[in-house]
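Chain lettering (A, B, C and D) follows the sequence in which the chains are written, and residue indices restart at 1 in each chain.
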C-alpha cells in the first residue's frame, strides 16, 4: 500500500555513495577533458609530424634533465622523453579502444543474451565467465604475446578477451534485474519477440551500467598495457610505450628520475582523468 | 474518558523543510500543531506526501543522515524542548521514553543479527545481568503473544513470518519501557487477517501499560474504535483534528469527507462510479498558497486558492474538534455558540 | 465454450528443498464481458494464477482456454492483457508515454501516423490529455497517472480478457477511486472481460460480478460477489470479511 | 546447488587444463630450437620433443600431466633443470607472505577510514579520504612501487630499494626489504577497499533497520560496529579473497619492481624463456587457487549473512 512518504527527499536515490557538489560541469571536468583531448591529439600528431622524433639519438645530450628544449629531459641514448611519451601513448590509446570495443560488443552481448534467455544459454555464458575469471589474465596474455609476437592488435585483442568477463557480468546482472521488471513482461504480452524485447526494452536499460563501466575498463586497459610493456612483453624497443619508458628509467632512478617519473605522471594523469570523467558522467546521467 | 491534563508531547507550529544532497528541497510540514496527553491514542492520517511520517521522525530526531532538515516551531516532550537540539542530544533527552514501530517488519529488522539481541537494543545502557536480560526478553516476547520464546530469540528475522516479525518489532519498541509509542503504518505490510490481530495486540498493550500512542496511517477506517483522536494531514498541513467519533461521523473538512467517501464499503456497497476527486496529490517542492486542497476541492472558491484558512472550531460539534477550511469558518460565523461536552475538559 | 476457462490448473515452483504448489488445482471461468475478482492473502497463489493465465509463468498441468483455444502470445485483438501492480515499474523509463501506449500497434506494423492518432485517443479516454502527457516519460508521472498509461496500453491491444494484478493497491486513496472507475468504464465500453486480482474485498465488491476466494493455491469459495460477501459459506471467507475494518 | 557448483568448477578446470596444454601449438617455429638454441643436435631435439610431448594433442598432454602430477611430478624447468614442484615450494611462501601482509595492511587502513568516512558522508574527513583513495586508484601498482622506491630508498635512503633476504639469514634485513613492497600492495589495495566498504556502509546505514536500532537508543559507534559493518562486508570479503586468489603469478608486477624472487618473478622469467613445464603448472595452479578462493568467499558469505544459508527468499 501507499504508505511510504513520497516526498522528493525521502525517495531520492541514495546519492551519498558519490562525491558531492556535482551536477554542474566543473573546472576539474574541463581540465580532465582538455588534458585527454590534447594528449590524444599529440599522440596522433606524433605519427605525422617530423618534429616529434621518438627515435633520434643524440649522444651529446644523454640523461639531460627537463629543459625548454627537452620538456621531459632525455634518456641514456639522448632520445627526447617527451616525444617518446607522445609516441608511446599511441599504443595505450589503440589498446584501450580495441579492448573496450571487444568488451562492450562481445561481453555486453553475451551478458544480455545469457541473462535474457536464461536456461542453457545462461549456463554456457556463466561457465565461460568463470573460466575467464579463473585464468591468470596477465600471465596468459604474456605467454600468448611471447608465442605470437607483440603488436597493437595482438595486445589489444588479448586484453579485450579478458575484459569480456566483467562487461558480461555487469550486462548480465543488469539484464536479470530488468528481465523480470513488469515493463519487459508487458512488451512480451503485447506480442514482442525476444529480439524486439532485447533491443527496445533491455538494451536501453542495460546501457547506463555498461557505459559507466566502460570508463573503468579504459583505465584497466591502459594499466594492463602499461604493465605488459613494463614487464617487457609490450611493443619491443626501440618502439616506445609508457610502461617500457617507465621500466627503462628504473636504473637511473637516482641520477635521472625524470626518465621514469615523466611518463609515470602522464600515465597516472590519464587514468585519473578518465576515472573522474567516468564518475561525473555516471552520477549526472542517472534518472532524476 | 481519561482526563488529559498535561500534554506528554506537544508540537507547536512546526514547519519542516527537507533537502537532500542533490539540493532538492521540499516543505514537508507547515505550521503543524499536535498534542498527545499521557496514555492518549492519536491517529495521524494522511496520504503520500502528507508529512505524517516526517512528523513522526522529526519528533524522534531520526532523519536519514544524508537529508538536511530545517525546522521551525517547537516540540516538547514531558516538558523538555527538543527542537534545536543536536540529533545526539535529542536522542538522549528522549532516551527510551519514545519508541517506534516501523512499517515494514522485514526491512526494519537487521537481517544478520539474531532477533533476541535486537529486541534488547533499547536496554543496553542499563546495567543488568545476563539473567535479568534473559528474563526481560522472555517477558517481552510473551507479552507480544509469541510462544516458543527460546527458538524465536535465537532466530534471524528471515526465519520468521511477517506477523511474527511485526510482533518482534513491537517487543523491541516496548523493551525500553516507553511512555509514547509511535507506530508508523504498523500493519500496512501485513495481510488483512494478521492486521487485525496486530492492532488488537497494540490496543491491549497500550491499555495494560498506559502508553500514549501515535498511530500513523493512511486508512481512516483502521482508527475507528481504536484511537481517541484523529488528526488529518494533507500536504504537510493539519486539515482537521478532533475526537475520533466526531471526525468519523461529522467530518468537517471536505478532504476528510472525500477520504471517507472515496473508499468503497464492503458491507454497504454503492453502485459505481465511486465518488472521486479530481487531480493529483500536490507536489511539495513547489510553493503553495491558500488551502493546499483547494485545487481538488468541489467547494473551493477564490479565497480558498489565495488565502490560507485558519484553524476553526467546528460548529455543532464537541470542543477540540477543529478544521482548517473556509467553509467551516463561514459556518462557525452563522452557528450558535458551542455546547459544552459532558464529562470532558480539554487543556 | 466462450470466455476464459481455467481447468484444474497447477503451477509449481522449485524452492530449496522441494517444490511449492503455488496453484494447486484451480478451476474458474470468466464469462465474456464480466468482471471476476480473485481474492486472497499473500501466498494464496493469486498472482501466480494471474501470471499463468497471461503466459508469464509456465503451468505444470491443467488448461487455460480462451474461447476454446489455448492462450497464445498475442497476435492481434482478442487475446489477454495484463495491468501490473507497480505502475511506474511497468513502464519503460526511457520511452515516451505515447510510444508506450502505442506499443501493440508498433508490433502489429501499424503506420506511425495512425498509431499515434489511436494512442492519443486512448490517452484521452483514460483521462490523460495527450497535449500534456504524450511526450512525458514515466519518471514524470505520478503513480496514478502511470497506472492510467498502463491501462491505456493494455486496452489499445483490444484484449478479450484484461488481467489486473493488484492494480490499485500501490496508490493513494484519493487516486484509487478514479482508477477503479476508469477500469469499470473502459472495460464496460470495450466489452472486455476482467480478472481483477486483489486483497481488497471492498473494491472487489464494488467492481466485480463474481468472486473467487483463494487460499494456499486452492479455491475456498466462488460465486456471485454479493452472495458470497453477504452470506459466506466458507470459514476462511468469513474470517477475511470480518477482518476488514470499517467506519 | 553445491553439486552443480562443484561440477561447474570441474568443467572450468578441465577447460583451463586443455587451454594450457594447447599453448605450445601456438608457437611459431620449433619450440625445441627456441628452448635449446640453434646449436642443439638432432638427438637432443628429438629427445627434448619426446620428453615434453609438445606436439601431442592437448587432451593427451593434459592426461599425461595429470598422471604425473598425481605422483607429485610436475616436470622440470627447461632453463634451470630444477623440478617445478620444488621451484614452487621455495617461492610460494615468499609471495604468500608479501600478499598476506599487504592485505592485512590494506584492511588495517580500510576499516577505520571507511567507517570514519561513512560516518558523515560529505564531511571534510570523508572528502579527504575519498580524494586520496581516488588518486591512489589511478596510480598503477608498478608506478606506486617506483614512487615508493624513489622516495624512501633513493631520496631519503631509509630502506633498501629492491631485493629479498631469507628471514633465517637476516631477520631484520628481511623485514626492511619487505616494508616497501608490503606498503605498495597495502596502499593500492586499500584504495579499492575503502571505496567499496564506504559505499556499502553508507547503503547499510540508510536501511530502515539502522533507523530502527537508532530509535531504540543505540549509539552510532555501537551501531556501526555491531550492526552495520557485518552486512556491509560482502564485497570487501570478495575483493580480499580474490586478492589471495592471485597468489600464483598475480604478483608479477610488484615482485618485478622490488626484485622479490616469488611466484610472479618465476612466471615472468619462465614465460620469457618459453619454459612450458613451469608455465603450465603456474596457470593450472592459479586457476585452482582462484576457484578455491571463490569457494572460501562463498562459505564466508553464509557465515556473514544467514539468509544465504538456505536459498534466498
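The rule is short, and it goes like this: contacts are C-beta pairs under 8 Å (C-beta built on N, C-alpha and C of every residue); 3 or more make two chains touch, one makes a residue touch a chain.
Because the structure is predicted, anything quoted here is derived from the model rather than measured.
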Both chain A and chain B are touched by which chains?
C, D
Specify the chain with the shortest distance from its C-alpha centroid to the centroid of every protein C-alpha atom present.
A
Taking each chain's centre as the mean of its CA atoms, the one lying farthest from the centre of chain C is chain D
How far is the middle of chain B from the middle of chain D, if each middle is the mean of its Cα atoms, in Å?
54
Averaged over CA atoms, how far is the centre of chain A from the centre of chain C? Could you give it in whole Å?
47
Using mean CA coordinates as chain centres, what's the gap between chain C and chain D in Å?
53
Distance in whole angstrom between the CA centres of chain A and chain D is 21
Multi-chain contacts in chain A: which residues touch at least two other chains?
1-2, 14, 16, 20
Residues of chain B that contact two or more other chains, please.
21, 47-48, 64, 66, 103, 218, 281
Residue list for chain D, restricted to those that touch at least two other chains:
121-122, 202, 206
Which part of chain A faces chain D closely enough to touch in the complex?
14, 16-17, 19-20, 126-127, 130-131, 133-136, 138-140, 142-144, 146-149, 219, 223, 226-227, 230-233, 243, 246, 250, 253-254, 257, 260-261, 264, 267-268, 271-272, 275-276
The answer for chain C against chain A in the complex is residues 54-56, 73-75, 80-82, 84-86, 89-95, 103-104, 107-108, 139, 143, 150, 153-154, 157, 169-172
Along chain C, where are the residues that touch chain B in the complex?
41-42, 142-145, 172-178, 180-181, 184-185, 199, 201-203, 205-207, 226, 229, 239-241, 243-247
Sites on chain D touched by chain B in the complex
120-122, 202, 205-218, 222, 226-227, 230-231, 304-307, 313
As the complex stands, chain B meets chain D at residues 21, 60, 62, 64-66, 91, 94-96, 99-100, 102-104, 107-113, 118, 121-122, 124-125, 156, 158-159, 169, 172-173, 175-176
